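Structures given as structure tokens follow.
The same subunit A turns up in both complexes below, where it pairs with subunit B and then with subunit C.
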Partner chain A sequence: MLKYSIKRLFQSLLTLFIIVTVVFLLMRLLPEEGYFGDAYEKLDEAQREAILTSMGLRDPIHIQLINFYKNLLKGDLGESITFRPRVPVMEIIKDKVPYSLYFGLASIAISLIVGISLGIAMARNKSKFWDKLGTGYIVFVRAVPAAVYFLFIQIYITDIFKLPMLFKIDDPKTWILPTISMSLGGIASYAMWIRRYMVDELNKDYVKLARAKGLDSKKIMVRHVFRNAFVPMAQYLPATILFTISGSIYIESLYSIPGMGGLLVEVIKRQDNTLVQALVLIYSSIGIVGLFLGDILMALFDPRIKLER
Partner chain B sequence: MDNRKVILSVKDLVIKFRLRGQILTAIREASLDLYEGESLAIVGESGSGKSVFTKSFMGLLDANGWIDSGNIMFEGEDLAQYKSEKDWLKIRGKKIAMVFQDPMTSLNPLKTIGKQVQEAIELHQGIKGEEAKKLTIQYLSDVGIHDPEKRYNQYPHEFSGGMRQRVVIAIAVACNPKILICDEPTTALDVTIQAQILELLKGLKEKYNLTTIYITHDLGVVANVADRIAVMYAGDIIEIGLCEEVFYNPQHPYTWALLSSLPQLGVKGQELFTIKGTPPNLFYDIKGDAFAPRNPRALKIDFVKRPPYFQVSPTHKAKTWLLDPRAPKVEPPESIRALRQQWEVESNG
Partner chain C sequence: MGKGAVNKLRNSIENSIKEDELFEFAEFDEEEAKRGGYSNYSYWRSTWKVFISNRLAAFLLILMAVLLLFTFIQPYLPNQKSPTKIHNHPETNLPLKNLRPNEEFWFGTNSIGQDLWARVWSGTRTSLMIAIIVGLWEAIVGITIGALWGYVRWLDRPITEIYNIINNIPKTIILILMTYIMKPSMFTMIFAICLTSWIDMARFVRNLTIIIRDREYNLASKCLGTPTRRIITKNLLPYLVSVIMLTIALSIPSTIGYEVFLTYIGLGLPVKTPSLGNLVNEGRLLILNPSQRYQLIFPSIVVSVITISFYILGNVFSDAADPKNHV
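And now, the complex of A and B:
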């Protein structure tokens, strides 16, 4: 396991290196007007040059890149340049994390509990009413772009239940809809996978043997089918959990939740290179850690999988 | 044979399936008496209903199948009347256990084999924990698994096909059943392993006083293990008798054809015998003898009226009009006549 982890760590570092480099270069390819926002018109050529130079953007690109790597190795992600100039990016991000984290955790809990229960109910009543209803829900959630129903939920549900439209930290009523909206996709995915894997397992010969052995169907479900159906899901679970707690880009901007997801959209618009780079680094690391944990979880559940030869 | 106790008695069993909106009759009024302690082989080609027939004894028919009429009498109860899972749990494993065809898929890949055997013991023998584990190891060693203490903690993927089949057998035997149904127990295995598994099953049958039913289409397996043979065709047992009787003095034209298809009976240089045509379509009512359309020696009555059993000897009967005293004399094929002669010579000498 240790050897595997070390190998995996190096692979991950290489992946991260490639990602941040590509993002770094892409940000430099954006038109320069973006750095000035609305002030662009009011500044003359010389002033603009002076600002760009002061941001370090007039250095040759390889020098900029090398400086970026050096600072990264020192653990310094730099300072914001346009979003909140001169403020260290870590400080900006730190304030945003709790919002994303709490909404994410709540939504994960709801998705897992509701999604898995729905999936089990669907698998047990395959081709009957509950299965069809659940399938309808899953198809709807996965086929219709999330933006559409998120928007409808915000507009109509707030109207029906007289809920406020936007997030307010001290009003718990405003926490409900974002959490539910964030869970809809997760519920659909978990239900779909659990149903699918359980139906797969139910048709396997070992279930027939378990029946012939005299186990009742409840015990077969719990001891054999559910457990085995959970294994293929285990691989994706950590990644989806980590992504959820790192904030939903769309929901956060929709309800004006000051979390990390909304921040990313904002700083890309404002062309805040350092902040974008830092956020991309964080998101990629989360993704890589999630996949790694998934592999380990899988190996723990399934004795046939050995992580090293 | 008559003085032996009948342990399971099937009478006029009809099993139907609903398939794509149509109704298929898989078992057509089949009857069978199973004697305590015997070893019976049910042979027949794919789709003849041999698996379905035995699965119905344990309530393991697929969800789209049902027992339409008939009885399955076992320990004073009619299993054909059982409806709920609760009823069947009294039978499954506890009284009748089954060994399946494919050991590669019959075991749960994520549970140690020890736990899987132990599950059966805890369920049916009323012991738990350490004691059950000890017994599990005992069973594992009984089915010929070396170093059972170590193997107890291993997973199915660490076993070969033959070894997995031994585990599957251990599970069946660990249920402590009265009847053991082996559904093509060696079909998925290497030829060299087949003989070992059959020897093992024979040994376990003696050790645990089991009554065994083998389902197979391999007549070589039959000759090796069976006391009696039941030949199944289109959902009915058309001939049943002691092993030698069916092998050397077959009466039904289908049994003739089946035996003639054995490569061992082929003549060098000649093409091997095959049965022409296909088995009847079970979606339609079958009139007369189900084998008649494929039988070059079929009588007129074979197409009109279903034959009853005709007794050949106290232990041997067949459903063919050829055995009716009024029937014309029809000679079986060459190879079958040779078998008969060989048998007569042997039994006289």
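And now, the complex of A and C:
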């Protein structure tokens, strides 16, 4: 187990290193006007050169990369260019983290609880009305672009319940809809997978034996089928984290939540390269950590998985 | 060849006309054939039978066929307007902005006076084209790499390591990064989506290839001297067909989804190109005014119908193409 964890950790660190390097190099490909923000027009050629040199952008590329890593280890990701000029990126992002964290974690928790309950209910009523309704929901959520149904939820549900359309920190009613919207995709995935695994398990011999012994079907479901079906679910936890990341970018911007996702959309529109770079790196790291934890969890849950290869 | 033999051959050719009358074709009788242990099984016919027996799938297949045909011939039909032309009022010469749906403009006009009906179909063409290119790329690259990965043993380790690294990065982030760095264009969009889309496909094909490669029936086939070509087309391909069709069908909803998402965050196609993403986004800007919500609703309905249909069709077809589901 320890050997596997260390190997997996090493792999994650390698990925992180590759991502940081590639993102840094790709960002250098962008035109140099990007470093001046609104001041570009006012400066002449010599002044621009001077600024670029002082920022270290005239150094050879490998020196730049090493400097970037040094600053990264100190927790310094540069300064904002157009969004809030000359303010350190980390300071801007620091205020945004709690919101993203709350919405992300809340939606993962709701996805797990509601999705698994829905999946169990569907497996128990296989081919009956509720199963069909649930399948319809799953197909809809997985097929239609989230960008479309998020919008309709925002327009019509706020209309029906007379809720404000945008997020307000001190109005708890405005916290509900974004959280629910962000969970919809996760609920559908979990319901789909748990239903599939439970239906598979139900056809196995040990269930027939349990029936023949005279156990009542509720007990079989909870004690036997669900336990076995739950194990492979651990591998979908990281997928949910990735899913939540893309959902949060959209939802936060749609409801004007002051989180990192909304910030990313904003700085892309404002062409603030350092902030985009920082947010891309943060989101990739979250993804990598999520996948790492998911793999470790799965290895813990399921002793059948061979750890040494 | 002796002279006698040549004569014999000539005689037999002359006689052949008479011999034709001597024989007659036996009617093919399925019941009789089954008694002799012959199975009239055809992979494609069974697939089709299972597929079409699902009434919803049959309906959606017809619906999508009609819709695709219509989308591509729409500009050549009479009385269609250009998707980019700004319509002006004939007398005042002011642009006809935000007209609600009427007889002249079936879906109304948008905020600068273009015909929404024409824009919706033009957008559908653009988005479907992107989706189909991505789907084909995914199938070709995914299957090639997946087959090599599964079949060539020494490639297994290196490709697995590369896969682990790429798979660790959130796809959305790669998409955002690539479209941010490159200029907004159709090529950028296709390139960014293609960059990662083949990975899942490759892994899937690899797993299938490994499972099928060492199956007993393939071993038996090989021992009986079946050529590799036949093993691939008859033993391997039927399993892959369902995967390929599923991938192409599912790449349509997912690509349209990516496009709508990227457009929303400001990294989509250039605004002047009508696409489903651009149309939804244009409609989104007007949601505060309920009387103009039709500009969001029409493109959204088209997006939903297309994505749901292809999602269901892909899943039903992949079930039908699985030989295990054939009777």
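Just so we're on the same page, the second predicted complex is superposed on the first by the 259 of 309 C-alpha atoms of A that agree within 3 Å, B and C clash if a C-alpha of one lies under 4 Å from a C-alpha of the other, contacts with A are read in each partner's own complex, and residues count from 1 in each chain.
Rule of thumb we're sticking to: contacts are C-beta pairs under 8 Å (C-beta built on N, C-alpha and C of every residue); 3 or more make two chains touch, one makes a residue touch a chain.
Computed from a predicted model, the values in this text were never measured in an experiment.
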Partners on subunit A (subunit B, subunit C) - clash or fit: fit
Of subunit B and subunit C, the chain that contacts the larger number of subunit A residues: C
Contacts of A:Asp205 with subunit B and subunit C, given as first, second, both or neither: first
Subunit B versus subunit C as contact partner of A:Pro145, first or second or both or neither: second
First (subunit B), second (subunit C), both or neither touched by A:Ile155: second
Touched partner set for A:Leu242, first subunit B, second subunit C, both or neither: second
Subunit B versus subunit C as contact partner of A:Leu29, first or second or both or neither: second
Nearest Cα pair across subunit B and subunit C, whole Å: 7
Intersection of subunit A interface sets (partners subunit B, subunit C): none
Subunit A contact footprint on subunit B (complex, rising order): 58, 60, 85, 89, 92-94, 97-98, 100, 102, 105-111, 119-120, 123-124, 155, 157, 168, 171-172, 175
Complex interface listing, subunit A residues touching subunit B: 204-206, 208-217, 223-224, 227-228, 231, 301-304
Interfacial residue positions of subunit C with respect to subunit A in the complex: 164-165, 167-173, 176-177, 180-181, 253, 256-257, 260-261, 264-267, 280, 284, 287, 293, 296, 300, 303-304, 307-308, 310-312
Partner subunit C, residues of subunit A touching it in the complex: 11-12, 14-15, 18-19, 23, 26-27, 29-30, 139-140, 142-148, 151-152, 154-155, 242, 245-246, 249-250, 253, 264-265, 268-269, 276, 280, 283-284, 286-288, 291
